[in-house]
Amino acid sequence: MGKAAENGRVRKIMLILSKATIDNVYACFILANGARMEGIEAEIFFTFFGLEAIQKEKLEHLHVATVGNPAMHIPTMVGGLPGMEALATKMMKKEMEKLDIPPVGEFLEILSASGVKLWACKLAMDMFHLGTEDLIEDLDGVLTVGDFYDKAAGENTHLMFI
Amino acid sequence: MGKAAENGRVRKIMLILSKATIDNVYACFILANGARMEGIEAEIFFTFFGLEAIQKEKLEHLHVATVGNPAMHIPTMVGGLPGMEALATKMMKKEMEKLDIPPVGEFLEILSASGVKLWACKLAMDMFHLGTEDLIEDLDGVLTVGDFYDKAAGENTHLMFI
Amino acid sequence: MGKAAENGRVRKIMLILSKATIDNVYACFILANGARMEGIEAEIFFTFFGLEAIQKEKLEHLHVATVGNPAMHIPTMVGGLPGMEALATKMMKKEMEKLDIPPVGEFLEILSASGVKLWACKLAMDMFHLGTEDLIEDLDGVLTVGDFYDKAAGENTHLMFI
């Protein structure tokens, strides 16, 4: 990791995950995982709806948004039918599986084992009435926004809001 | 604020707010506010739909997206019923209030008073036919994208797109 | 461009485009274009649904999301009617045209000619079963997430997730 600091190379990635749609969650995890594979440090701050990705009872039930997501190419009236969102989600999960991308819970374990720090946002936990007992065991702690900025110190660190 | 520049600490946060959903608007404001509480500079560039958050006639009427937002756990057909969006928005605003998070207009005043710079995007204003008379009094000015990059100069400055 | 490195000026913008809604695509392109006009380097990494913006058969058919986007001020039940999304998209494209903002395909050509690097995400191409023959001619190559981080090296480089 010391090498990463040379020549202005990316040294640390700080990701703020605020959404619970499976495409955003996977994009976040893949950016964190890709960082670790390059010897880059990575931390994820789960806030707002993003908290669902680390909620024990919800993390395996995230969905793709079919309505409000023109890229799905499902006409809105059809996309709005009960079951369509589940179908699109199932299709996406199947493609993910083919590419050896693990389901959310397993992915979180891999990220944690590879050194990605997983933080929950204190304010969002209060807003959704959640305690740490509702969140995954691999959680590294609960942070305020200020704490998060403190952890973002250091040269060649980059923040991204997802 | 001079202290913030030491040891690669985050010195300035430049937020680009392009969305008008209340969860994105609050995430943006909370990130700016949290920065100021740590002595970090913060600026917000309101562009595209994000402009609504500083439009006098619209800023108190922002909504949570219930459809296209699987995290709301409202089935799409129900989420699409008139009134559901208003209800979800009301619930979220109530939780915000319990946590002493002010409504949008008041939050903007607090941000401005605490030194957060509030900028409107020139191109987006042209696109939506808006003049500065349509925007909040606390606005610090109208910028092009190029102007915004100029303001992002300086070590330990971070840009985030919301 | 050498000048841009002075005084901590923004030197390079690395944009990750993960969405296919026309407002996000244009926001991305305008940020890249605005960078080049200031002598700032710009690169775009098209991933997940963002890949549609460089898919030959899809890039001229991107839509604004009317449902799930409260900023459109179209009641959800109406926004969900077939044709409403097309109408909102047409209106937005018309406003764009008035401001001399080119359509997606032409915009990509301008970006490429002005030196913006256009990269496709390997993983997303595999997920959606796409080959380079499906993508625009101006594409500069296919990258893994790791490759992308390598290209983000250098002082005063900023990453943004759209």
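Per-chain residue numbering starts at 1, and chain names A, B and C are given in the order in which the chains are listed.
Heads up, the rule we're going with is that contacts are C-beta pairs under 8 Å (C-beta built on N, C-alpha and C of every residue); 3 or more make two chains touch, one makes a residue touch a chain.
Being a predicted model, the structure only gives us computed values, none of them experimental.
If you sketch which chains touch which, every chain touches every other chain without exception. The pairing of chain A with chain B is characterised as different-residue: of all residue numbers used at this interface, under half are used by both copies. Fitting chain A to chain C on C-alpha positions gives a rotation angle of 120 degrees, to the nearest 5.
With each centre defined as the average position of its C-alpha atoms, the distance from chain A to chain B rounds to 21 Å.
In chain A, 65, 67-69, 80, 158, 160-161 are the positions where the chain touches two or more neighbouring chains simultaneously.
On chain C, the positions that touch chain A within their shared complex are 16, 18-22, 47-49, 52, 62-69, 79-82, 84-85, 123, 126-128, 144-146, 148-150, 152-155, 157-161. Within the complex formed with chain A, the residues of chain B that make contact are 7-10, 13, 23-24, 26-27, 30-31, 33-35, 37-38, 40, 65, 67-71, 75-77, 80, 95-96, 99, 158, 160-162.
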